[in-house]
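Reading through the structure tokens given below for one structure.
Chains: A, B, C and D, in written order; residue numbering restarts at 1 for each.
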Amino acid sequence: MDDSLLSGPENEADSFRDECGVFGILGRDDAAPVVTLGLHALQHRGQEAAGIVSFDGTQFSVERHIGLIGDTFTKRSVLDRLPGDRAIGHTRYSTTGGEGLRNVQPLFAEFAGGGFAIAHNGNITNALTKQRELQKRGAIFSSTSDTETILHLIAFSEKTRIVERFIDAIGQLEGAYSLVGLSQKKMIGARDPLGIRPLCLGDLDGAYILASETCALDIIGARFVRDIKPGEVVVITENGIESHFPFEKPSPRFCIFEYVYFARPDSNIESRNVYEVRKNIGMELARENPVDADLVVPVPDSGTPAAIGFAEGSGIPFELGIIRNHYVGRTFIQPTASIRHMGVKLKHNANRHMIEGKRVVLVDDSIVRGTTSQKIVQMMREAGAKEVHMRIASPPTMSPCFYGVDTPEKSKLLASRMSIQEMADFIRVDSLGFLTIDGLYRAVREPGRNNEAPQFCDACFTGDYPTVLTDQGGKDNVRSLSLLANNG
Amino acid sequence: MDDSLLSGPENEADSFRDECGVFGILGRDDAAPVVTLGLHALQHRGQEAAGIVSFDGTQFSVERHIGLIGDTFTKRSVLDRLPGDRAIGHTRYSTTGGEGLRNVQPLFAEFAGGGFAIAHNGNITNALTKQRELQKRGAIFSSTSDTETILHLIAFSEKTRIVERFIDAIGQLEGAYSLVGLSQKKMIGARDPLGIRPLCLGDLDGAYILASETCALDIIGARFVRDIKPGEVVVITENGIESHFPFEKPSPRFCIFEYVYFARPDSNIESRNVYEVRKNIGMELARENPVDADLVVPVPDSGTPAAIGFAEGSGIPFELGIIRNHYVGRTFIQPTASIRHMGVKLKHNANRHMIEGKRVVLVDDSIVRGTTSQKIVQMMREAGAKEVHMRIASPPTMSPCFYGVDTPEKSKLLASRMSIQEMADFIRVDSLGFLTIDGLYRAVREPGRNNEAPQFCDACFTGDYPTVLTDQGGKDNVRSLSLLANNG
Amino acid sequence: MDDSLLSGPENEADSFRDECGVFGILGRDDAAPVVTLGLHALQHRGQEAAGIVSFDGTQFSVERHIGLIGDTFTKRSVLDRLPGDRAIGHTRYSTTGGEGLRNVQPLFAEFAGGGFAIAHNGNITNALTKQRELQKRGAIFSSTSDTETILHLIAFSEKTRIVERFIDAIGQLEGAYSLVGLSQKKMIGARDPLGIRPLCLGDLDGAYILASETCALDIIGARFVRDIKPGEVVVITENGIESHFPFEKPSPRFCIFEYVYFARPDSNIESRNVYEVRKNIGMELARENPVDADLVVPVPDSGTPAAIGFAEGSGIPFELGIIRNHYVGRTFIQPTASIRHMGVKLKHNANRHMIEGKRVVLVDDSIVRGTTSQKIVQMMREAGAKEVHMRIASPPTMSPCFYGVDTPEKSKLLASRMSIQEMADFIRVDSLGFLTIDGLYRAVREPGRNNEAPQFCDACFTGDYPTVLTDQGGKDNVRSLSLLANNG
Amino acid sequence: MDDSLLSGPENEADSFRDECGVFGILGRDDAAPVVTLGLHALQHRGQEAAGIVSFDGTQFSVERHIGLIGDTFTKRSVLDRLPGDRAIGHTRYSTTGGEGLRNVQPLFAEFAGGGFAIAHNGNITNALTKQRELQKRGAIFSSTSDTETILHLIAFSEKTRIVERFIDAIGQLEGAYSLVGLSQKKMIGARDPLGIRPLCLGDLDGAYILASETCALDIIGARFVRDIKPGEVVVITENGIESHFPFEKPSPRFCIFEYVYFARPDSNIESRNVYEVRKNIGMELARENPVDADLVVPVPDSGTPAAIGFAEGSGIPFELGIIRNHYVGRTFIQPTASIRHMGVKLKHNANRHMIEGKRVVLVDDSIVRGTTSQKIVQMMREAGAKEVHMRIASPPTMSPCFYGVDTPEKSKLLASRMSIQEMADFIRVDSLGFLTIDGLYRAVREPGRNNEAPQFCDACFTGDYPTVLTDQGGKDNVRSLSLLANNG
């Protein structure tokens, strides 16, 4: 599903775009450099821009930059402008619409009671509705981010203390959010009541850490303490950590697609190892969709763990039949029209020597628009494959996500308008198999999907949205719109 | 052997640095854009800088840039300055010593008889000696590149026609070279008599191509015609190709390390597929150095094919126990001293969940200084591995290369000063095994090394240099010097 | 008073820093390019950053850049992002405190009733007080600019139509402001009731223009219509212009220092030509402070018109005895400490040949800290001047400005702590003479200062502030603080 | 003659472009920073690019940058790469033809006997002829600069010691040159036998300096010692200075146009002060071309000293009737075609208030193509001038320069194809007057031009070239070619 597989960036996206990553630390002298490393480990959750806000006991410092963490936040001059023993950071997928740095988080505001910074992973599904209410009351928005809506709700709260104001504000939110906030005295972490996005707690020699994934703890050798619970608000000061559950607790519905694609394989979420889940998926897939073939080839790199599982489950040898060129920057432009039409293999190349005359099983994580799958199947055929079978490590993706993932509108999702056989014809494979929804639940060690009370958010596969979608006119009215406005 | 494995670039290099890549095309209207793509596919042979020279029937155009091809040569403005139906290009590892663009190839000179450009992969072992002779005759050098020595030899030749002058010049060279030259009428390709570096011929709808590796043909859908032979000079014009063998032909001695590490897995060189050789290596290694263990873990990414072979040969499961962060730019600086001492895992992370309590076989391609291996073993131990066994997909590297590879001086090569057991203690593994030199020859489908007349250049393993090393005072006098001056 | 006269930018400022410039146009297809030219002509009012907001009938576009207009806004790509037949722009002196682009104007907000952009020249002396009130009501400030306070006052207004809301907001302001606003339908211009900062109305083939100075009309060949009057609000639409005087009208008090230094010599303000006023000043100065000397030398470039007037008035020849190096960028850093101590003449050089053995009258516009004057006198002495007399084209500057000019705090103003004789000793001149306040009024063709009802704001000379200074605790309580926070 | 007067850089040049400046110092620890300052003072001789070569007792360091000295060479990182107690530098007008940094001086070569750097102001009129000879002998040229020809002549010299080789080389040159060379032990200065370009010797606390103009001594407080004489070669070591006159001495012919336009007003050359000469010119011009008028207005900035002299000589008041916008970067692009056709006044504006109804004498330094004069006269008329008279501070420029000045080809010079009356009609003035050639000689304190043995090079006015022009086919064969290839 890696959409830039064979093509330059001028093409329409053919993947679910990663969401955002958040990271915060309190109680360590060089807080901002540590946040930089944490964000670096979360770079797969958002590659386009990042920001850090620190507090040094006297004042808040803000830096926001477009580009990879390793290129922007590792300069001494940048870090020197971020003093303090507490800091929070955010990395995001994109800066849409010429907005430049305005939408880069964390956002910061000077309230009457002092400064406050906030970083957000997720998407608020009633943000526009709330924004219109706030504007009528005199609020001025300087970004198009739903995170600014949260800030304004805090600003307009009639409560007194910052934690109360924060809880008052998030109590008005609907949708998915994992938040990290920073005031002069406190670092706050919060997850929405369904716990759709991840957030975990770590410890680095006594300093508290909040991070989207455990891999961001590993990079600095921090200890994993526990996941923040759905609906939980934790308030961290120099003196320790308090836990609040201000809202009634619904059943958790963590995003199951985090296991399929978004999270890093070495992260553990809710006591499950992501790599292991993906291998389980491959084994389930081999069981549900067996095929007689000569080799199992992963579509690099996201299909690799499932392909290893598939090979193990099926007994068919695992081979790197597609070689990836790691040097493709995100800016590679195919220089001329004549070259664009050559079908240039910028990013991957079939290893013809291994493929020629063979029956090949390709394993990929998902199919979005199908254009990438078409090209890769074509590449296999040109390399001489005798048969090409495609196995997909998830059920068909039929519905857009409103919870912080950038997905094409429904009508652009291949599975929303074709049967599996039509899809197989479209991408020109000899056979095509998807994992079932129950197979996916089994891969995460559930007996299957509990349709009465689903254990996860799986709306992209089932269309079963766990919240009202106010800005969309309610969940029965999901429009077929591009969701580029999603952010988080 | 990927030296930036766990560390930032401030550390000493702990790898054999890739050499250069060359690419040329004659007979295609958009020659420079095609060269750009070819160089992009050869980026693994040199990532720091690149250049292209084109000729449009009237004049030569030259562009040289520091940075990745995809960032520098894909701009329309750059390509618009490179018109013509013929062009040659070069990608190189580094621009040492503040020399900036002066050493970036292709080099170009205006001779009395017209312009000439040249791109070089290899290293001339009597270049300094020749340079001193030329300076005494009045030559002015504007770079420190051995390639400029070749240009001056052509300029001072007393022959008349450019091909004769070219042959006159290379007849004075000693060492390794694969050259691509461009005059107003001709594109010239040449390989040294031992054929140490690769060079192949391709065809794109009637346009001739010269390229370091076949993967550069694949990216543009060009047809592989044949390898240029050791000692061969090919002269290509609009009317066709001529082949010359101006020198007596010694037995070929292709660089066997190209198979181990340098070449891309999907390339075929001298009728062998690189990926397949590496898998063979893994199987030989499992046969020669068996071990009782729970899982085989590749050191990503260069150890992966051998690890797959090792797993297949040993029956031990293959697992991605180390996860790579693809977002590490080459510029990542660890921001503070305190963080530098944390042992930050910038580039790789152990997947603790898979490693804990297990007996692990790590497979890597080679050991140079050993510092990287130390760190990765340590990372495995911190992740809870019960035993750590290291298997290396080549014999111990004991001698520096003088043929176009940037290697540390001999005294810095761990294997030159330690026994295998001492090395095992140094990197703190439970067992350490290298491939034998005969095992390596078997992996390339030879019955073994013919010590009377070795089939390959394997000097880095054996110290058996196939040429005189004039600039070093002869091959019996190899000094323990840093070879940073090597280029090509 | 040009503070970078002989020194690099690392030194403390020794000048009154220029304020801001504003420009707007409605009714011309390529509005943004015209604004670019207008801002270019106003560059002397603010060199560090600029912004433009345009409206194309559907949406507002915003561009803000740090750097000179000619370098940042002349790129086609920037202008292409600013479509529309109406646009307003702003150029400003500096972006203090690492705030980067956040404080660059025009500021833009999306109100409940539609978008609104505003550009401001001046300074609101109760902005902080208002900001605190607004924050208590829930307003979030994203800049430290007083202009944002104006936006929030508009947002919180309980009036309905944008013009009413605008008037409601500015009715709460105290201080100096010349404002240009842009809504979907209207361009609004406003000057504070005292008319401290300039603003004029122009016409370009039927398109309306608002500009800080007439030189911004000249650059595009626009016709000067009239000055906007103190306390006037003009509302411009496609259908014409309306004028409002919503507040009681006090006597105008235009900033007299605009004539002395800020405005461009070719501008006309309130029916006076700036160059002519400066020549008049020089003649008054010669009359009030005669001296027997051989030549009159201007301190380039700001002292030149007064020096011409002084020469004309005194009959002493005018000579360019100091030569300016026009190539000093604002970034020139003196590279080493040893060089910094050499007293390097980066920007000006005495023409020794003309100076040696002569009695020289230097004419400068003002003395702020005196350090620049010291250096230039020293330069004259080293060039062999027999006598050095300094004549200043304004009265002593004794009080800081709170109306949009960046001045040092009172205690840093040389004239606030020394008598004229002490100042003469400090800068080491043979004689020093300032213009009297009445002489200055005569130069603008008034009979003298009407102390009962002064015709101008001359607070920097007299300490007589024409408004309450609420943020300073009232005008009787002017603190000796740096006023870096001033902006506008 | 300031060609960008009213127009953007897209127009054809309408001025004689400044030549190059050179500067060297030996015997001062921070040599490179001092050279930086010297080049900054010479920036008017070449604004596009600069270079410095230093030697620290062990090795030479080279830095070349495009841009203003103050932006490129003041960075600590740049200067830190230029250690040593001796250094030479060069600033140049332009980098024509995409050559980028290749043509930026000083050039450096590693000879058999050691390194040598050279910086050149002037132009060698047999450089191409010599280049062809050298190429036939095997020389490879890496730039198109005539300076490289000098380097090759040194390299091919059969003499032994560097000074002998240097003299051997320059003995083969024809044309104009002021050279500064640097070897490991010596700094060499040389002027061509006619002394066409300036070069002077200075002293800074015992360190020797060579510089194009005395203003480069003033900036660092160095003492002027003497001009280097025509045909002189000085060799400077730590032990002192030797003077050589290796060639027969013709009569000196210094470029008289240096006084008119190129040199800085505060420089003294051959015992004449440039500002004073320009004032003399103005007075001669008033005497030769009297006119009845109300005010004398300089075309800023190059016409100002002559205008002061004209005003003094004629008794007509001097006024700044044209105001210059100092913020025009060299990159200002007029953003749209419609704006380009508005006749936008980017750089200058008439001060209508002073001009309206007046009889104006404009004073400019020269007329090249006449297009700029046309525009400025038009601007005066639009500002309401009753009469416009133009007085030019030099004779008509009728012939191109081959000695280091970038001039249009002969056919583009207005004076080469029109009478004075035709020129007056072309630029639409009421009267036009040029200085006579004898008037110009009187302004430099000669009784007049000695036509038998002219005291100066005045070829641009007279067509009387003082050297053979070999590359042009001899001086009787001056082709009407663009001389963009000139450099120096």
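Keep in mind that, in the parts below, contacts are C-beta pairs under 8 Å (C-beta built on N, C-alpha and C of every residue); 3 or more make two chains touch, one makes a residue touch a chain.
This is a predicted model, so every value here is computed, not measured.
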| item | value |
| --- | --- |
| For subunit A and subunit C, chains touching each | none |
| Most widely separated chain from subunit C, with each centre as the mean of CA atoms | B |
| Inter-centroid spacing, subunit C versus subunit B (mean Cα positions, whole Å) | 62 |
| Cα-centroid distance, subunit B relative to subunit D, in whole angstrom | 50 |
| Whole-Å gap between the CA centroids of subunit C and subunit D | 37 |
| Set of subunit B residues in contact with two or more other chains | none |
| Interchain contacts (touch definition) - all pairs | A-B, A-C, B-D, C-D |
| Residue numbers on subunit D that touch subunit C, as the complex places them | 29-30, 33-34, 36-37, 40-41, 43-44, 47, 68-71, 73-76, 79, 215, 218-221, 264-266, 268, 273, 275-276, 301, 304-305, 308, 312, 317-320, 323, 325-329, 331-336, 338-339, 342-346, 349-354 |
| Subunit A - residues contacting subunit C, complex | 61, 81, 98, 101, 109-112, 132, 135-142, 151-152, 155-156 |
